[in-house]
Amino acid sequence: MNAAPALEVEGLCVAAGGRDLVRNACLSLRAGGILVILGESGSGKSLLAHAVMGTLPAELDWRGRIAIGGIDFGALDPKSRRAHWGRAIALLPQEPWASLDPLMRAEDQIAEVHALVGRRTWREARALAGRALGTLGLGSAGGRYPFQLSGGMAQRVAVAVALAGGARLLVADEPTKGLDAECRDEVAELLLSQARAGAALIVITHDIAFARKLGGEMAVMLDAEIVEQGAIAGLLAAPRHAYTKRLLAADPAGWAPAKPVAAANPVVEAANLAVERGGRRLFEGLSVAVCPGEIVAATGCSGCGKTSLGNVLLGLLAPQSGIVRRVSGADAHRFQKLYQDPVSAFASGSPLGVALDDVCRRHGLPLDAPSRILARLRIHPDLLLRRPDQVSGGELQRVALARVLLVDPAFLFADEPTSRLDPIIQQEVMDLLREVVAERRLAMLLVTHDAALAAGMTAKAVRVDARLDAGGTLAAL
Amino acid sequence: MHLRGVFCGFVAATVAAWALAASGPAAADETRTLRIVSPWEITGLDPARSGYIFARLQVAETLVGADNGGNPVPSLAENWTVSPDGLSWRFRLRPNAQFHDGTPANAEAVARSLQRAQSLTGGMLTNAPIAEIAAADGVVSIRTDRPFVALLAFLAHSSAIVLAPSAYSEAGAVTRIVGTGPYRATVVEPPLKVEIAKFEGWAGRPPAIARASYLAVTRGETRTAMAESGQADLVYVLPPEAVDRLRRNPRLAVAVAPIPRTRLLKLNAASPFFADQRVRAAISFALDREGIAASLLRSPESQATQLFPPSLSEWHVQSLPALTHDTARARALLADAGWKPGQSGIVEKDGRPFRVTLRTFSDRPEQPPMAAAIQAQLREIGIDMRVAIVNSGEIPAGHRDGTLEMALFARNFSLVPDPIGTLLQDYGPQGGDWGAMNWSSADLARTLEMLGSTSDPAERARLRAAAARVLHAELPVIPVAWFDYGVAASRRLQNVSIDPFELSYRLDAMRWAE
Amino acid sequence: MSSRFVRRAIGAACVGAVVLLAILGPWLIEADPLRQNLRAALRPPFGDDLLGTDHLGRSVLARLAHAARLSVSFGAASAASAALLGTGLGLVAALRGGIVDRVAGALCDATMALPGLLLVLILAAFAPGAFWPLYLGIALALWVEFFRLVRTVARSRLMAPEVEAARLFGFGDLHIVKRHLLPHLLPALGALFAFGFGASVAAVSTLSFIGVGLRPPTPEWGNMMTELLPYYDEAPIQLLAPAGLLFATVLGLQLLAGRDTK
Amino acid sequence: MGGVGRALADRLLQALFVALLVGVLCFFLAEALPGDQAFRIAAARYGEDMVSGIAADAVRAELGLDRPAWLRLADWLLNIARIDLGVSLVSGESVFEELVHQLGSTIGLSLAALALSALVGPPLGVFFALRAGKLPDAIGTAAAAALRALPSFAVGIALMLVFASWLAVVPAAGYDQPQSWLLPTTTLALGLAATSSIVSRQATLAVLQSSQIAFARTKGLGEFDVVRRHAVRNAAAPVVAYLGVQLVYLVEGVVVVESLFAWPGIGHALVHAVIARDIPMLQGTALAMGLLFVLLNAAVDFACRAIDPRVRHA
């Protein structure tokens, strides 16, 4: 083992136009070690990782010392730094299924690194790639294209690709983004196995459960600064900084379980549903009913058809068989939806205010109708002057909720509304949803892959799985 | 990796092609091909369509040819006689004349070929009063319904080329070109290419040029470039604007040959605009022929001072007063005819503005700009003339259905070497598709009829002058410019001469320079 | 950022100059574009006439300015009509789907398979030298590109959550087109428009090259190029001037559109 | 392979549709044209000097132009099923045989031009994309706009002047030497390359900004390998798809280039057929061009399938 630490960062600052985005960060990591960087979006944790990697956008300034395996990496010019990519330091990108070359078979993407970076013959490279895939339990998937891989499989291929060049330091930028709980555990196991094999890891995440699984060191970032650093186990057990405490408190695992709501006449009710997408049967024989003031959680692994269930209840998707009954007298527009990625639910070119005005105009509401709702949801009116990509995810999700509330919904399908938000914001949004459901006697179907979150929100859940009818309480699961 | 191979191959081929191109041509004179370029495409093997190309290339011959003066000379027929009543002609064929397929070109075969030509749609013999074509005693005999002096000229027309029996299908259509000329066709690829080679069975003096190729290139700019680059040895019909530049090229000899063709304005004399001779005269005076000839045709001497060009020496009448440009007189004549200046400078009569449409076509590229020039010149005297660029067939069609008002085109007076044939077609009592429209002159008709049957030279000269005078005074058509065209010949080529009647390229007389 | 600004500025300058020439040129330049002087044909530039004279002795500058009116409005009219037709049909096809989409798609395929030039040639034969067959033919040949682009982009945009959300709120097609489709289409449509403009003026030129152009003596850039082509070595400036203006317009529009694409 | 079969069937159906539409459309348009058809045909056959009312009447009788229009259309449609496209009204030759002869020249020219433009355009586009915003890119953009704005005959004449007249290194026109291919091919290819370079530049820029390329870089590949192994292939899909649209321009170019360089092809024939109102020839050429288009588009489809596994498995 190398005597020099795998990574040493001292006094790292990243600034844009005089404003500090990362301030005076100091990190150190030994070979085989794991460093988890936790923090809310915009706290600078991704920038820190990119500064280490040397992939910062050109318009950002940075200074400080970065040493990788004893090399003064930060002092190198960009070109020489690039020569170490793959060989000394590798980046595991966000959403690896979008980062793999869609036109190249998985095995070739690994092999080419062995051949072109590792300077091996193509025959050796292929053999090494096959072995790596075997180790990762993907022995038969080498001939597949990325679009034929599941998210977890793509993640594993990406790890194999990233490490094929022999890098001893792996930077993983939000590796669980968009993955469900099962996949998340898989990724944790995968990363741990790399660490056991001697690679040093930097993992950027806002997922506390994931961080807990990984173990090792942890740094918590807030407003461009590392506010707390230490061993994960200790830090999670006894957080010192207020922010860390709030972060931990926001973890759904710690939420109080929700109480059952008295049954009433369902707003929407489906019996014996079967749904197919792209020729594949997602589920069948599924029944569900959502009553006013009630939240029903739909859980299940990714790709099991949770979203399709919600869309069927909204009437966006026709089921193969089964019946959907809606309460009589409710207009179609009173069945609404909250999206996983709120940015994609707004017209990207217009300010948010315009989106709300449009709804008022469409439904003949006075133009000041939103103001009361905005106040209730604690949205600053100035926000409405901005375009969807100019506000944070949590704020935008609240604006989305405000827009939905404008039309006095009877039923709301919330499709993983917080899966892209960090825990504190997630908790805020969820609290708000819970309040709104109670106040407005709203019927809500909540899709989530987070069992703890589901339990915190409702006592009534439906598990969506192929050929499985498991409507019932969470306890029954 | 196959793709890469193909790719590399293509790169190599492209590079090689450019390299090969740079190395240039190098061929010995004996095997060197004479390259001829002209604008005329081969539209089919039918002699009425493209016979002229095979006649010019000397692949096929007509019974009779013509010299530079338009006088009949022997071709396939060695000599001929006509009976005293002028109705029976006997043509004695050249002995040992042979078709390119080796069969003898005897009287029977020749007569059969001419009979086909006689029944040919669009052919020239159809218009001659021929009663019978027969073969007897090794002589081709032709009987006409009435005395017809121009028969020899008609027989020189390219639609009357003589082809071997093997050239025709059973239905009588020409399927290949088998002629009797000094050259035989080796490759015929309509619409653009013909290749010919010396015919070994040719009994006359063997031609010095062994091989030649003919390429039809419609664009004048392209023909110019082919002459400049040395790609072509003989380029016919140079664009007027290129002649001066090519003259400066040391490798080229450029000749401008006048041919018996005149660019003219055809007027519908039945229309209220042109019925009055004074209006037609006014239009004639309005034309700036000198300007058009000098700047558009680049040939000041081609301005038409009368209908017949000097190259038609028998018909050109020196003593006729020249047609001139005189805008003031043109205005005065228009005013005399009752056309008074009206709104926005357009003359009017009975409240009707002088507004007409001129049809012309772009097959001859100089015609549209000429039309634009005429448009501006007529505008000067208050005539609003619109220009319609049409298919050339629209002019005779408009003549037939009476919709034509004005047309600009170039008329060949030597479709057959004697212009009388054309004049009979164009200026007869009914007028003609390419001649007068709704205009007739009993005087002219009588004169032309007498010409058809008179053979006394002095009397004929008097009659021709009389006919020319009528046309000059009455102006059923208004001459604009005579025709000449440039020919560029490589200096490596000697004995190049131009046939004013465009019957032959005279390849057999040419040879390569030492 | 600044390079984008420079691009736009150059684009605006090019288009602005041409439009100014079209609007003010005929007004400021005294020479009559139809006035011939055969004795002053093909005069070189910088003499009495700034850009010299053409083969009929007409002022090239005056003709260019008058031609700018026709060519700019012609190019704009053909490209705009094609854009309107193609965009409209593309939107309807994407929104309605099913049989409408299939019919529109087949129509598009057929139009593409039918040589555009043939369409123009045939239409032009109805009224030789007239303006409308060229316009109609070119617009009918050009709409396909707009259609294909709009249908593809609209199809994928219609799958987006924002459209689903808008539908849930009860918004109709018009609103969805205005808020959710057009903003994504406009940049690419702008680039296509620039090319359509250039293509239509170049097409007029090509058509007069094969003898199916506008009626003389109408000054039009495409026509002028063809008319002056035989005099390429005597009057190169006169020949290049209309080509240069067309180039400036196309480049300018392309830069203005901000995105150069197919 | 069911996907391939289906795609083929789709294309076949499209071909049938195109054939029917083109035939009928040409017929009606040509039928509706003003003027007298017999005269136009006579003019095209016998030349301006010999067109006359007599010749036109003979043409009318010979071709049965006085028969009702629908009867002639029905004839054509029936015959097409027997691959009999009729006889050219002008040359009197079988349209099918003329097409076979001319189509060869045109396909040869088009393929050579496409190949040459593929050789020049996309690599330049990639080059411009790699230098986006720099001087070569700006020059390239301007040059492409210039080539798109200049009608192809002007480009052709310019090439002819430089390489044939001044340098005299290539033949100006004709089709009898291997070098004869250079000018027409280059003229056509320049126009095509202008557009394909722009499309490639755009596609490459988009790909270069994608996360796949970022990952390809961080996994250690050199920039050359990144471009060669990932950027080019990913950019190729839209570029190849664009070929389908480009074919439309090819047709227009072919018409001009063939008449400029005396190339005996179908574009040439098309113009003549329109001017002469040679309806069988017009239908035949349009049909051939339409089917050629469908065929080449099918080829483009298959190329897309070959490049992109997602299309293959969809």
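Letters A, B, C and D mark the chains in the order given here, with residues in each chain numbered from 1 onward.
One rule holds in what follows: contacts are C-beta pairs under 8 Å (C-beta built on N, C-alpha and C of every residue); 3 or more make two chains touch, one makes a residue touch a chain.
Nothing here was measured: the structure is a model prediction, and the numbers come from that model.
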Labels of chains that are neighbours to chain B and to chain D: C
Minimum number of chain-to-chain touching steps separating chain A from chain B: 2
If we define chain centres by averaging CA atoms, which chain lands farthest from chain B? Would you check? A
What is the identifier of the chain with the smallest separation between its Cα mean and the overall Cα mean? D
Tell me which has more C-beta contacts between its two chains, B-C or A-C. B-C
I'd like the Å distance between the centres of chain B and chain C, where a centre is the mean of that chain's Cα atoms. 42
Could you tell me the distance, in whole angstrom, between the mean C-alpha positions of chain A and chain D? 50
Distance from chain D to chain C - Cα centre to Cα centre, in angstrom: 21
Which chain D residues sit where two or more other chains touch them? 157, 161, 259, 275, 277
Scan chain B for residues touching two or more other chains and write them down. 221, 361, 363, 390
Got the chain C residues that touch at least 2 other chains? 211, 229, 232-233
What's the complete list of touching chain pairs for this entry? A-C, A-D, B-C, B-D, C-D
Chain D to chain A touching residues, read off their complex: 211-212, 214-222, 225, 229-230, 233-234, 237, 307-310, 313
Seen from chain B, its contact residues with chain D in the complex are 7, 10-11, 14, 17-18, 20-22, 24, 43-44, 46, 48-49, 121-122, 124, 126, 159, 173, 189-193, 213, 215-219, 221-222, 224-226, 228-231, 361, 363, 390-397, 399-401, 409, 411-412, 415, 425, 432-434
Complex interface listing, chain C residues touching chain D: 3, 106, 109-110, 112-118, 121-123, 125-126, 141, 144-145, 148, 195, 198-199, 201-203, 205-206, 209-211, 222, 225-226, 229, 232-233, 243, 246-247, 249-251, 254, 259-262
Which of the residues in chain A come into contact with chain D in the complex? 53, 55, 82, 85-87, 90-91, 93-96, 98-104, 112-113, 116-117, 145, 147-148, 158, 161-162, 164-165, 167
Chain B partner contacts - residues on chain D that touch it in the complex: 35-36, 38-56, 58-59, 62, 90-93, 101, 115-116, 119, 157, 160-161, 164-165, 168-176, 178-179, 181-182, 259-262, 264, 268, 272, 275-277
